[in-house]
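Next up: some structures, all given as structure tokens.
Both complexes below contain chain A, partnered by chain B and then by chain C.
After this line comes the complex of A and B, so read on.
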């Protein structure tokens, strides 16, 4: 990156609102900042907080796109602040909190409540009914399957897919990208003993994959570039298959 | 024998198959339709020969009824996904616009590694809803008109679909709604097929970018053929393929 490129004066328009304060009104504040080399939004926001407004609220922890806490709307699109270079953005940067989640204040949202509810509804844990035998050798799993499960597990639950989803913005129970990805991860896992029929009701129910409109924004905004569209196609085909099996059994 | 209760998941799957399946059939029909009406490019004789053939062998009459049925089914089952409240639609529109714009700003310093990948599919969905409503109105009109054309000859000594009366209608001003209908139908069908392919996993064989390019190619080819047909029907251009049928009695 050349020196001339690092000399922009950036304008930040940032959403401000504290739901805890009855006198707070939703509005935007404007800040200006000199761009420096390899500046990320995470660096810029910290600089604004240190030098201009100590009251600015935003979340971060790892600053390396793994904790998933700094998701925010950057010029209309969900992105991780720590992974977004200001050099990839125009000189005016508009920041809003992620929609579809409960607002904590300014750019900070509570993604935990949504993810906790989603985990509860999909029972996103290994279901195993066999009695535990501590002396038994563990079941083997092929490398390919383990890799496929790991691919789904790469989700950092930042909520960018949920915020970009037209359906999830209107319906808080819709599983959205992160939820459907989680369901697929456990469906693939041979250690989970749930049957096709049990999965069918979770995958194909009102909140499941058939609520998806196919707008594909989730896949385009996912900071981890998870193959979400392939995951949905897998779930759709599995649901269709499970339905036929169920029809034959009854 | 006990009656199995239809669960919500059963219904969601059925709705998805019905809306997707009816859309697929209608899109395929539309391509065939444009090719059949394109017979006017060989002149009035070719058009009339084909129209008489289809009516005399009772292909046209059931086809009109079948398309009308699919048209209604698709309208009902595909529209279930359009948010009912204006407030919800505004929210979706705002989100889709933001997502589309954020990938398009001109930023000199933007790198290839930018997380801001272009995204148009959310906005394409909104345009599918808009074109869908236009098709519902203009398509109904067209279906009733053509229905009258093919069914009245069954009850009286009237000619069915023929080049002379069709050309007269189009030239008299019907080219305006037909041009709008053509554009809307080809857009709606093209994007619909692309979305259907991605939804059910064509991404396993072809990249999404490739699928989108194929969709755009088909869209322009069919739109071009349809537009040429309309121009010939309106009498602004002599049939360019008339030489194919030259030599016979005229």
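After this line comes the complex of A and C, so read on.
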């Protein structure tokens, strides 16, 4: 960052609405802040709250792009605020809450309810073949397969893909990138006993992979750069295979 | 409209790994369980643990000969003999099962690759043949202060993978999770814990939860060090603070605070010990590997307290790298190669790119020690039952169980979350099975009214008092600079005085936000006094402990003193009492006698009391300090003398 940019005065236009306050109406407020070196939106928003508007609501926890708390719309694009450097943005920064989630207040949205519901609908847990045996050595798995499952497990449920998804914004039951990725992660895991037909019911409906319109904004905005295109291709292939199995069984 | 009173069997305060694993035990026993969490559970700080989870599976060549007994030895040495050795034994035994259980839950552990592998060990690029019959078992990496490679890992996202797997079980079992919910007070009658008062962080309203058993699992108190911590913003020690408020539950070893050697300068974001475990070096400003000379045996992989002290000393000596944010040192992982960095240390790669804009395959990482872990916490017996208040339990970092003593080994806390969640969760479930829901609703409503009055008092206070965020920042400066890596009596006394003034300021502070709803400034203000009280127990405990042990280092008392200080600090401090009350109890039954750690200082003041005599007084002494009876007799899980067969 050059010296000139370090001395910029930034303008923030921030969406405001407090659903708990009967007087509150949705609007935007403008704040100004001197830019400092290595300033992230985590630093900037806390500075605004602590020195200008103590009522400003937003969410951060780990501030290291691991916990997924701080997804928000940054100049029209879903992003993790904690790892967004102001030096990568123009002098005017417009911040809105993520769409598709229920608003808690200002920039804070309720991702927890959405993700728990998604986990419940897709039964996003290992459906065990047998109960855990505390005296047994662990079942073997190749390191390559473990790495592939880990790749799918890296999603931090920040909701950026959901917010960017045209379908998820209209249909709250659509699994969106995070949900489809979650299904694929369990589908490829041999520890999960679910059969092709069971998977078919989860992924093949309009809420699943065939509801996707293929605009792929999800892959563009994913902060973890998950290979969502490959994930969807995998799911379509598997769903198609499962359909033949299901047809044969019936 | 929020319900004013909720009842349940087991209330778990905190939705990280330890709390969720405890809730699974409650649910598996058929109990109704509620988890309260500041954030959706998967955003808990457990998710930020990177490098690994210690468990002696002994699956790879460099782990040959490992066993829970060796793990026990490493843990007690790492603790600088401050640990309860029976708890360290329970831990080492059950960590093996806990890690395999996580594999069953779906954690994609990195696995052994049978055949030829290349590792970096103490600066050497070596080839090792892993046995083909071990192919596909859970792999280990090296970590600090361990005799064997023992840390089980999933790339550098071990905590994330574990938390998601455990939360999946919580969802499967249908456990109720109330996220954006904060316990602000315990409900109790002075003898039994009856539940907690909760503030909803969506609406700002309060309600009471009455429970047969209550489990504190709120993690550490790193944020009392302000910005000088690797911890998440939510690690404000709320669970320890509300336990302290009762005046009957003591906190243990609050002065035992860990500084992690490698956090990013200046943000304090963690860079895993796995970097050094996998062969990374520390370099000073002139590019020298200073740890080779200072710790020839373990080099970069001595325990965290020892490495952090060496680093701080190097910077004090002027051999650091100057920056606008103060000096730092370098972590060098370039030689591990891009492929290794983008697979086994992927999260480190991402953090370097996102927060300092560097490519760690080509550039050095700026690091310095920062507050990282709270060894102290709610003092509990081996069943996790808190001293002084039946039906209150604590697990994980929030507890002082106490397997870490004065220094925790890397990778032992992630294992502790799961092991203590299993062990203590089961005990809490048993307790709930054997007790009716006690207390009257008036106990709950009285506590509820007190909490609501506190919030109302903050909102009613007017005028031009101090600002809560300035008090927080002043607390952080005091804690880092006067209660940090190097401590001395003069600075600690200044810290105590300064924190006393901040407590007064807190009573006069004025909010600027009066908006209805959660009111983020009020939410923070309601925690601030508890944080200051915790900070005071750390500073006073450190001032009183005139020796150096583990992470507690006194420049004016540089030796470990097993003659006078082979004990655990306990502190009680009721909410409205002026002064905290300190007392000291034996660390527990001693099996491995105090000795040399194998790294760090080699001088100490020897224990004069015979071990048998020390052990003879433990049960009675701890009971006098509030220790409640355990399901099994004291010492039942100690394998006396087993260490003699493996001690090297």
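Details
One rule holds for everything that comes next: the second predicted complex is superposed on the first by the 242 of 250 C-alpha atoms of A that agree within 3 Å, B and C clash if a C-alpha of one lies under 4 Å from a C-alpha of the other, contacts with A are read in each partner's own complex, and residues count from 1 in each chain.
In this section, a residue touches a chain if its C-beta (ideal position, glycine included) is under 8 Å from a C-beta of that chain, and two chains touch if they have at least 3 such contacts.
Nothing here was measured: the structure is a model prediction, and the numbers come from that model.
Applying the stated clash criterion after superposition on chain A shows that chain B and chain C can sit side by side.
When the two complexes are overlaid on their common chain A, residue A:211 makes contact with chain B while staying clear of chain C.
In the superposed model, A:196 lies in contact with neither chain B nor chain C.
Judged by the touch definition given at the top, the superposed model places A:57 against chain C, while chain B stays out of reach. Ranking chain B and chain C by residues of chain A touched puts C first.
Vertex at chain A: the C-alpha centres of chain B and chain C lie 160° apart in angle, rounded to steps of 10. Legend: residue contacts after superposition of the two complexes on their common chain; A:83 is shown touching both chain B and chain C.
Contact with chain B, but none with chain C, is seen for A:239 once the two complexes are overlaid on the shared chain. Legend: residue contacts after superposition of the two complexes on their common chain; A:220 is shown touching chain B, with no touch to chain C.
Superposition on chain A places chain B within reach of chain C only down to 7 Å, the least C-alpha distance between them.
Put simply, chain A uses residues 83 to touch chain B in one complex and chain C in the other. Remark: chain A residues 18-21, 37-38, 40, 49-50, 53-57, 59-69, 83, 104-105, 110-112, 115-116, 119-120, 123-126, 128, 132, 134, 136-143, 146-147, 149-150, 153-154, 156-157, 186, 189, 191-192, 224 touch chain C in the complex. Looking at the complex, you find that chain C touches chain A at residues 38-40, 42-45, 47-48, 57, 97, 99-101, 103-106, 108-113, 135-139, 154-155, 157, 160-161, 164-165, 168-169, 171-172, 177, 179-180, 202-204, 232-234, 266-267, 269-270, 324, 343, 346-347, 350-351, 354-356, 467, 469, 511-513, 515-521. Of all residues in chain B, only 4, 7-10, 12-13, 15-17, 81, 83, 88, 91-92, 95-99, 101-103, 105-111, 114-119, 121-122, 125, 195-196, 198-201, 203-204, 208 touch chain A in the complex they form.
Within the complex formed with chain B, the residues of chain A that make contact are 1, 5, 73-77, 79-80, 83-85, 87-90, 99, 164, 166, 169-170, 200-201, 203-206, 208, 210-217, 220-221, 223, 229-230, 232-234, 236-237, 239-240, 243, 250.
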